[in-house]
Every structure is written in structure tokens, then in C-alpha cells.
Amino acid sequence: MREPFEHRIRVRYSETDQMGVVYHANYLVYMDEGRTLFLASLGLPYDEVERGGHGLVVRKANLRYRHAARYGDELLVRTWVDGLRAASVTFRYELLRLQDHRLLAQATVELACVDLRRDERPPTPLPEAMRRALAD
Amino acid sequence: MREPFEHRIRVRYSETDQMGVVYHANYLVYMDEGRTLFLASLGLPYDEVERGGHGLVVRKANLRYRHAARYGDELLVRTWVDGLRAASVTFRYELLRLQDHRLLAQATVELACVDLRRDERPPTPLPEAMRRALAD
Amino acid sequence: MREPFEHRIRVRYSETDQMGVVYHANYLVYMDEGRTLFLASLGLPYDEVERGGHGLVVRKANLRYRHAARYGDELLVRTWVDGLRAASVTFRYELLRLQDHRLLAQATVELACVDLRRDERPPTPLPEAMRRALAD
Amino acid sequence: MREPFEHRIRVRYSETDQMGVVYHANYLVYMDEGRTLFLASLGLPYDEVERGGHGLVVRKANLRYRHAARYGDELLVRTWVDGLRAASVTFRYELLRLQDHRLLAQATVELACVDLRRDERPPTPLPEAMRRALAD
């Protein structure tokens, strides 16, 4: 299997909750950053994708939380393409703590490609350059 | 099937993103509020649950996004108990737009009960009062 | 002085941090909600303001934090118009805890009116209906 | 004047709002990260400060927004010690866009040192090591 795209995250104080751990919704933010940095690494910065009239909108997210991330942790986000269709793409994720490489969470997130130029934002095929880059 | 617990949410400007819709991670926040208000309606305010030494931590979340919520929308969050075990509980959710009762999202969230009094926070049975109230 | 616009907020778990209090940036969110509900109460829902081509963007914010808000608290946000000019408006705020009416925070927030229809978003006079409603 | 502590931030998609810019409350998050990385660079990681029983809580924040940050921007946060007293410290900030070094925002944030070991969290002198490091 292809190597994942990897990036690092320092947990921010604002991301913790009163249980002393990262609030669970923030994992979706970390993973969002994973796929947009991944796209940028392929020469497809997401801000340019949107300016070109295409948007990627989340349709499904499945998350499995194994161990809590904490303030002071540095995290490793690993992002894979898990599935690719004409008008959607699914990413798979692992979130690890860098200090001890402990697996903290796993997820898959499915995104549909939509046409931002039309008000109702109908599904539309992935831009050809993106489809090709993600298929490699 | 038992009636769901329902509460209303006004979308906040801060919850939108540059695509002009509610950012997807915020749905987890809405659902969190759903279950804590549900618990409060059963006489089990979650702040008191924590002061009693029990915490509910998210283990799994599965979300299906159908239509985007927007700033200006008022939302209805419907919360059910979907499963109850000795040391965990699963909630099921529907998120609707009040204006037209359109279904925007569905989800299930599984939480484990942990012992906040011990550093490693091991799983522990749900407090008996909570287990009974949720089973009804 | 005119009576303030008042609205209530339940602190959300997601708004806390590991110090066990509401994270300080969230007070700006509460105050944002204060002014948009205030505008709505005057017949000027902010989503319609934007659809009409006008935006209100924050230019200055001054906050004074006195006592921490906590999860489980219900808060009262009091919003006043503190100053009104051709192309800007300043709101003044008090945030109180409902249980004991303790003053938690005070703030002023100055917003400029901008023309959303032009890319560089230049300053533009407040819509006449808004200027009149806020002046009363 | 002493050189500021500098760190870089990539704007996250989650930080934008429907006006297409970074939501104003997030600037407080960027600045919070500035002072905690600054402290870490001085050998005083903030998570260890808290474990030692001291907390820094925001008492005042004054922000001046000049130009909007956008998704796709890389930002430079510059952090200075602006004032130091027995039991409080004030940081001063500049936020610039890296591409063109345009000044986006300026701020000062005053924090009080509190004793986390006592329930009412009374003010307490800054730890001596922190006071010395910040005074240099």
C-alpha cells in the first residue's frame, strides 16, 4: 500500500476541554488539515480548488477514539486515499502521539465533489487533475 | 420506540466556514449538547456526574451529512438512547432544519464511562441512577 | 440609558478548557451572538444584511475578564449600542452568571460596515434602516 | 527593544467563516499559542507550569484588526513581553501575513498568575523561574 501523507500537529490549549484532554470534535479539524495539506503536497492547494469552482464536502465520517490526546502532545496525522470514485473520495486516517507512537484514533472521511458555481451545489466529477493525482 | 429528547439550536456565525455552511465538526458539538441536555432532563446534569467521579468519553462516532445547515437556520436535534451496556451507552441522533423539517444529518455516538478519580481513567460501570434512567 | 438587549446562553462542554473554565476566546462568540440577536430583534436579521450586500467586520475588541464562567452555568449577555457613526457601530457588553448575577466580563466591540459586493470590501455607510434602528 | 518571539501558523479551513476570512475570535487562539510557544522556548512549557500548580488566566485583551487573514495564508505571530509585575504579565502581539508581511492585527493580552491548587484560585506571584526568564 502507498505511503501515507504525514503531518505534525501541536495540540493547542484551546483544543482541550475540562476533562483535560483534546475535545473529540477537534479530531475532525486535524483530519481536515491532513487532507488539505495532502492535496497541497500534490500541487492542488484546496483554496485554488475552490477558486476553480469545485468544493469537497464531507458526506460521512467514522471515528474510533482509542486514547486521549493531551495539551503538550505533538501528534502525527497519517492520511491515505482509501477510495476514489468519479465524484467522491474517501480518506483514511491514523492519529498517533509522536512521543511514543501510540495510536490515538482512526477514521475514514468521505467527501463529495460539488459545483460551487451553482446555488444548489450539485455533485460534479472531481477535477481531472485531482482524480489523477489521488489515483497514483 | 421511545420519543426522542429534542432541543433547538440557533446556528452561530462562528460555526460557519467559507463555503457558507456550518463546518462539519460542529455537528459533534450540537450532538454533545443533545445528550447532556437529555441527561439533565432526566435529573442527571453532566457537571454533577463529573463531580461524582464519572466521565463519559466518546469512543466512536459515525456521522452521515445529508444537507448543509446555514447561518440563520434554527435546528432541531433529536437524541435517542440506541444501546446501553454496563459501562457504555450509545446515542442516536437526527438533526433537522426547523423551517422545513428537512433531515440534515444522522449520527450515532458511543461513549464509555470512565473513573475520573484514577489517573489512567479506567472503564467503570455507569452510575446506577444513570443506567436506570437511560434504560426507561 | 436605553435598556440593553439580553439573551441567555448555556455553556457548552466544548467551550471549556483544561483549567475547567470557559476558554477566553469563546466570550467573543457569545458577544457576536448578542449583537446578531439584537439586530434580529430590531427586524434586521444579520443573514439578510449580508444578502443585501453589507457586512459588519470587527475592527476593535476590548475585553475585561473578571470571573470565570463554567460548564453548567447559564449566562446572561447584555448588549448595548455604545456608539454609532456613519460607517461603524460600537457595542458594549456585560456577561453575567444567571444564578447569582455575578459580573463575569465586560467588553466593547467596534465593527465597520463594508461592501461585500466588491472584492476589496471597502468601508461603506451602514444601511439606513440599521442606522435608524440602532440610533433609537 | 528585545526581539519578539516568532512562530508561523497555517490558517485552517475550520477557522474561516462565511465571509471568507478568519473568524475574529481565532486571533486570540493564535496569540495564546504565541505565548505558550514563547514560554516553551524559555524552558518553561506551559503544561509543566500547570502541573507545578500555577495557571495563567487572561484578565484583559485588546485587539485591533487591520486586514483579514484568509484560508491559504501563512501567518507570522510576533510575541513580546510588554509588562511584568509580581503576579501578572502582559504580552504584546503583531500578526502578519508572511507572503507580503502585511500587518493584519495587533493586540495586548494581560494574564494573572493564579494558584491552581486552591479551589478559589487566588492570585499568586509568578513562579520565580518564569519571572526571571520573562524579565530578561
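For reference, chains read A, B, C and D in written order, and residue numbers begin at 1 within each chain.
Just so we're on the same page, contacts are C-beta pairs under 8 Å (C-beta built on N, C-alpha and C of every residue); 3 or more make two chains touch, one makes a residue touch a chain.
Given the structure is predicted, the values throughout are model-derived calculations rather than measurements.
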Going by the touch criterion stated earlier, list every chain that contacts subunit A and also contacts subunit C. B, D
Fewest touch steps from subunit B to subunit C? 1
Are the two sides of the subunit A and subunit D contact the same residues or different ones, given that same means over half of the numbers occur on both copies? same
Calculate how many whole Å lie between the centre of subunit B and the centre of subunit D, each centre taken as the average of the chain's C-alpha atoms. 32
In whole angstrom, the CA-centroid distance of subunit A from subunit D equals 27
Distance-wise, how many Å sit between the C-alpha centres of subunit A and subunit B, to the nearest whole number? 23
Would you please write down the residue numbers of subunit B that are in contact with two or more other chains? 13-14, 18-19, 21, 25, 29, 32, 71
What is the shape of the graph in which nodes denote protein chains and edges denote touching chain pairs (line, ring, star, complete, other)? complete
Would you pull the subunit B residues touching subunit C in the complex into a rising list? 10, 12-14, 29, 32-33, 36-37, 45-48, 70-72
Of all residues in subunit A, those that touch subunit B in their complex: 18-19, 21, 24-26, 28-29, 32, 50, 55, 57-65, 68, 116
The residues of subunit D that touch subunit B in their complex are 13-14, 16-21, 23, 25, 71
